Amino acid sequence: MLLHLSTWQEVETYLQTSQGIILPIGSTEQHGPTGLIGTDAICAEVIARGVGEATQAIVGPTINVGMALHHTAFPGSISLRPSTLIQVIRDYITCLAKAGFSKFYFINGHGGNIATLKAAFSETYAHLEDLQLAHAAKVQCEIANWFMCSSVYKLAHELYGDQEGSHATPSEVAVTQYVYPEAIKSVLISPTAPAGHKIYSANDFRQRYPDGRMGSNPALATPEHGKQFYDLAVEELTKGYLAFLSQE
Amino acid sequence: MLLHLSTWQEVETYLQTSQGIILPIGSTEQHGPTGLIGTDAICAEVIARGVGEATQAIVGPTINVGMALHHTAFPGSISLRPSTLIQVIRDYITCLAKAGFSKFYFINGHGGNIATLKAAFSETYAHLEDLQLAHAAKVQCEIANWFMCSSVYKLAHELYGDQEGSHATPSEVAVTQYVYPEAIKSVLISPTAPAGHKIYSANDFRQRYPDGRMGSNPALATPEHGKQFYDLAVEELTKGYLAFLSQE
Amino acid sequence: MLLHLSTWQEVETYLQTSQGIILPIGSTEQHGPTGLIGTDAICAEVIARGVGEATQAIVGPTINVGMALHHTAFPGSISLRPSTLIQVIRDYITCLAKAGFSKFYFINGHGGNIATLKAAFSETYAHLEDLQLAHAAKVQCEIANWFMCSSVYKLAHELYGDQEGSHATPSEVAVTQYVYPEAIKSVLISPTAPAGHKIYSANDFRQRYPDGRMGSNPALATPEHGKQFYDLAVEELTKGYLAFLSQE
Amino acid sequence: MLLHLSTWQEVETYLQTSQGIILPIGSTEQHGPTGLIGTDAICAEVIARGVGEATQAIVGPTINVGMALHHTAFPGSISLRPSTLIQVIRDYITCLAKAGFSKFYFINGHGGNIATLKAAFSETYAHLEDLQLAHAAKVQCEIANWFMCSSVYKLAHELYGDQEGSHATPSEVAVTQYVYPEAIKSVLISPTAPAGHKIYSANDFRQRYPDGRMGSNPALATPEHGKQFYDLAVEELTKGYLAFLSQE
Amino acid sequence: MLLHLSTWQEVETYLQTSQGIILPIGSTEQHGPTGLIGTDAICAEVIARGVGEATQAIVGPTINVGMALHHTAFPGSISLRPSTLIQVIRDYITCLAKAGFSKFYFINGHGGNIATLKAAFSETYAHLEDLQLAHAAKVQCEIANWFMCSSVYKLAHELYGDQEGSHATPSEVAVTQYVYPEAIKSVLISPTAPAGHKIYSANDFRQRYPDGRMGSNPALATPEHGKQFYDLAVEELTKGYLAFLSQE
Amino acid sequence: MLLHLSTWQEVETYLQTSQGIILPIGSTEQHGPTGLIGTDAICAEVIARGVGEATQAIVGPTINVGMALHHTAFPGSISLRPSTLIQVIRDYITCLAKAGFSKFYFINGHGGNIATLKAAFSETYAHLEDLQLAHAAKVQCEIANWFMCSSVYKLAHELYGDQEGSHATPSEVAVTQYVYPEAIKSVLISPTAPAGHKIYSANDFRQRYPDGRMGSNPALATPEHGKQFYDLAVEELTKGYLAFLSQE
């Protein structure tokens, strides 16, 4: 059940049996010479919808732009500052919690979002208690990173070994190829890319990772792989969501 | 050209010939008993993509959640506070302006966004000058409300007369029916709804407009109408975007 | 009844029969070579006081500085950022609403304030509901732009035609001449000024409108005209305020 | 020279010979059963204008609402939060400093503003250096509290002794009587009022000072006294402003 | 009783008999060629602990970094902006007030903190009332500046006369020598330093006070003096704290 | 070299050979019935000083209060909101980076700080680039969690097995016993405590973990263990800091 394709009365009915919602969150940032700028949002959205179908859960609107300040020296990247993203998450959850939701399951496609999301959750829990919302103490948020699913991780390792890298990875590129085969880019890239540097400022990042990849060889990706990753992630996060829902 | 389906190098190439970008912005809010919660985002996105195709412009990620605080007494509505939305817009434009964009064309699907967007533009122009961005004085933002296109307005009047109303209108519902025919809701609603009250707080809104509509009869909408509105809006906003681009 | 000339006990008594308050809001910004920097505040204040006398309403302190970032490349202009003005308005209304006021009628002298004021109202309604103020759902804010009164607009058209322009207009200059005849400036200016450009950044504005006027010929203004505009605005906004008060 | 009665070109000319500006700041807050809610703004404004006349300095718009949170349990009081007032002051000074002003002389009518003003100055100096404003290191702000002028203090002591008190004082009430004789209130009040409690929250303040006065007997005030206080304050602050201007 | 060496259950027990807490606040800023960067925090902390021992009061964690923007042109200085420090103080007091504390006694070692602390208290009182904290109206904050104790002031005058100065004073240096004799610096400095300039921006400060001292001769300090100052401050602030506690 | 025991001239000299600084950050929060409220700050501080001695690095003032909102239902806990802590960290780093520091090594004693610290670093890198600080792209921040040192982890496992738990752990309690043997608490506690629940709001936390411990048995701690943990952490983080410094 997609929130944007539902009516408010359908949501009202839904809330009588479930207080859970799945919120996909991605990023709009460079993904190397062949990866799509929307990669993280595309992956999070499609997997969230798969989980939503499997669990009958409402899936909210995709948060397309996240915390990607370190990518902003590459054109086309857009980022919220962490302090902005915290307010955004606070606003989302507050609106939905007032309506009766209490279980917020963020299916996340971007490692750079994790820290700010966690900070935002803490800020929001305290805000809801300050608002004296009746069920404030029952509100729970969880981040589910599809790319950290153990089944996904295992397959990526089998298929790509070290060439999976850590940004613009063949696994995430494969998922986007599966979803948007018409957008597969045929640019020649070297099989290796710099790796191992930590992430600091945007300018530093671009100096260290000139084409945007971090140790990855996305040329290995195929739409078929993408389908496999998709299936694994949906299966694992479906269990994850159901466990989250049933948890006290 | 969709930003999320592009690579950063494609964006770099694009910037050599154009500094314009189209940003769809909608809302996630109740649209009466039959209107989709995502109506405003759906309409803005589809029309923005139509304009993007017609003009070869880059279309950025859809801002799905806008300023809809007055709808938040209905479940499923999500809103940013104006002060949050201002920071979001500032962050988007700052990232893109640093990369070289200077013409920001917001195709908007929600009247409630207009005031905050305008405020955000003012805040951002000043911010860019404070950053001493070389082309700060050339950055221009424009709001294009598809529902206020004269051709759209005229057709809505011809088809629906007074029953167009001002929220959950048959015209916007028609566009969503054209885009998502599978999500057409078959709920019986009375042909009339309260109208004429101004908008204040969320609780006040719900008291005045119990089912969420403002004077509209969305039962009149058809997918065929939606196609007509879509075509008109794309045509008119294509001209609007080109005029905006060519304006000094 | 002027708030600043009243005691708190008089306000307490007033609140037993009315919960309305008029708040003049202007701007401190360049108004061309002959217009006063305080034009917008002067007009808003004098008209607000006229309406206050006619309706026995309390008139609050004039907000002299508004959202005029686009004028700040001209010396003497002062502006709040929109995000600051939102907090200012929120603070004003919150204090007054806690004391029992619920009808806030902003008599506005500056077009550039409108968007931010609307954003501020939305932010404030939600804030008052968060504070669980008993009458939060009854709080209503309205913007009354004296220069958009139909009677004012009609007279300006009759007197000045196209030379009314849209900034540093003869109509607003006339009102200031009526109020401060001693401050009439005798500077020769060309009868025409650039017009038709949209408003973006401060530096861009000054480039397009080198002497600050937007298509206006304020040399046409006279104190007598000013009196006429004043009378019309007071009459029309008096009705407006009373209608606002009586509205549920 | 009043900023609001000047043109931007007059300001431009002024800046060639002086970079100083006087900014009156008051408050909108209860002043006991007979004191005007606008007392602090009225006094600051009239004295600032007197000093402006004596020194040919530009006098900016009066900041009518300051930091008076502790008075907000009395109806009619309006306060900014300190964090809001800091942003307001930052915005004022930034606009004026960019235009070339560097000496900001705040003539203040309200003790409750002092701490926040000082905090705002610190915040602003750092902000201007961050903006790399050429003359950032020359920007200087000073608070001149008219009620703390030694000549004023001496006269108040001579005229009223202990009955001067510390809020809704006969001296400030006298100044308002001199400026607005038509607004003199003839309410009987006891000659004594509670005194000596420190200031904490708004509700605590109202409990301790039920009619709003702090140890004062404003019934002693006369318009003639007001004239004396006005003259003394203008004389002393004129010297103060000139010393401030000439200080390196 | 030191908060950081206590358990939450000990705090719970403590709250049954006292709602007071002592919070030392200092600064991390240059103190001339021989003064320690931590001078203000060191003095505040040691004196606060002395007062805590004498009164059985809980002493909270030392706020090491305060408002010292004007010292930041000297390396090693760290400052919060006033707007940040206000939020910090608000967060501290809110947490502690929710737990039951109501008397907050800030023992302060840095003049530059005073204005922002006072602003923060006002902001916080209003915040607690907004939170509808049951005992919001009983929450009281007080600043106790050890260096302004009359006994301290008197001794400093006796020992150093004019050479006490106003920053990097021998009295505060003496206290740090008493606490950290191993950190006494043997740098030759001239007996005089510039004095009498007001404080504006960081760069201006460093120009006026090239070695960081303001009119002081810290070479006069001895650890024995430090012990005397310590004893006097503890004695006087012990009385101050007890008076504060017993005050209604 | 402790920053608070240094002069600004010593810092200036230091910067000629190193641009690194160690910043201890802890928390002020409940640590079960026997753990000290200052545990996280105590451990971070003592270990940071050990590392500072071993490496000749400057050690800054301890950030005593961090992000511990989930502990605030226990009296004595103090927390910054994440949005406040981000501003605090931004202010610290900005001051120090302007002075020439570029390597910020945060030795952290509290898991709850990690997410917000990471968010703060991202916010700060972007801020420094906005300020056009010459060496902005060289500024690097790193979090070193002493409790996650592999040697520490290994010893804790050997000594305590599962009874290490995850909050109020015997390992951290042991370090505090080593540092403050006089503050060892002799309260009888059950050897087991609830474990395995995730962390949400403060009220939820206290319900799930009634005495504050998370699966730990701090009764196993001894000062001797504490010495061992201290030695291991200092040794491992000394290497970590040197590696961080030498990293490009």
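The letters A, B, C, D, E and F name the chains in turn, as written, and every chain counts its residues from 1.
Criterion: a contact is a pair of C-beta atoms (placed from the backbone, for glycine too) under 8 Å apart; a residue touches a chain by one contact, two chains touch by 3 or more.
In this text, all values refer to a predicted model and were calculated from it rather than measured experimentally.
Chains that touch both chain A and chain E: F. Note: Cα superposition of chain B onto chain D, rotation of 120 degrees, nearest 5. More C-beta pairs touch across one of A-F and C-D than the other; that pair is C-D.
The centroid of the Cα atoms in chain E and the matching centroid in chain F are 24 Å apart. Averaged C-alpha coordinates put the centre of chain D at 29 Å from the centre of chain E.
For chain D, the set of residues that touch two or more other chains comprises 72, 81, 83, 87, 132. Against chain C, in their complex, chain B makes its touches with residues 67, 69-70, 72, 81-83, 86-87, 112, 114-123, 125-126, 128-129, 136-142, 198, 200-204, 207, 247. Listed in rising order, the residues of chain E touching chain F in the complex are 2-12, 15, 28, 30-38, 41-42, 60-65, 72, 74-81, 83-84, 87-88, 91-92, 95-96, 98-100, 180, 183, 185, 187, 212.
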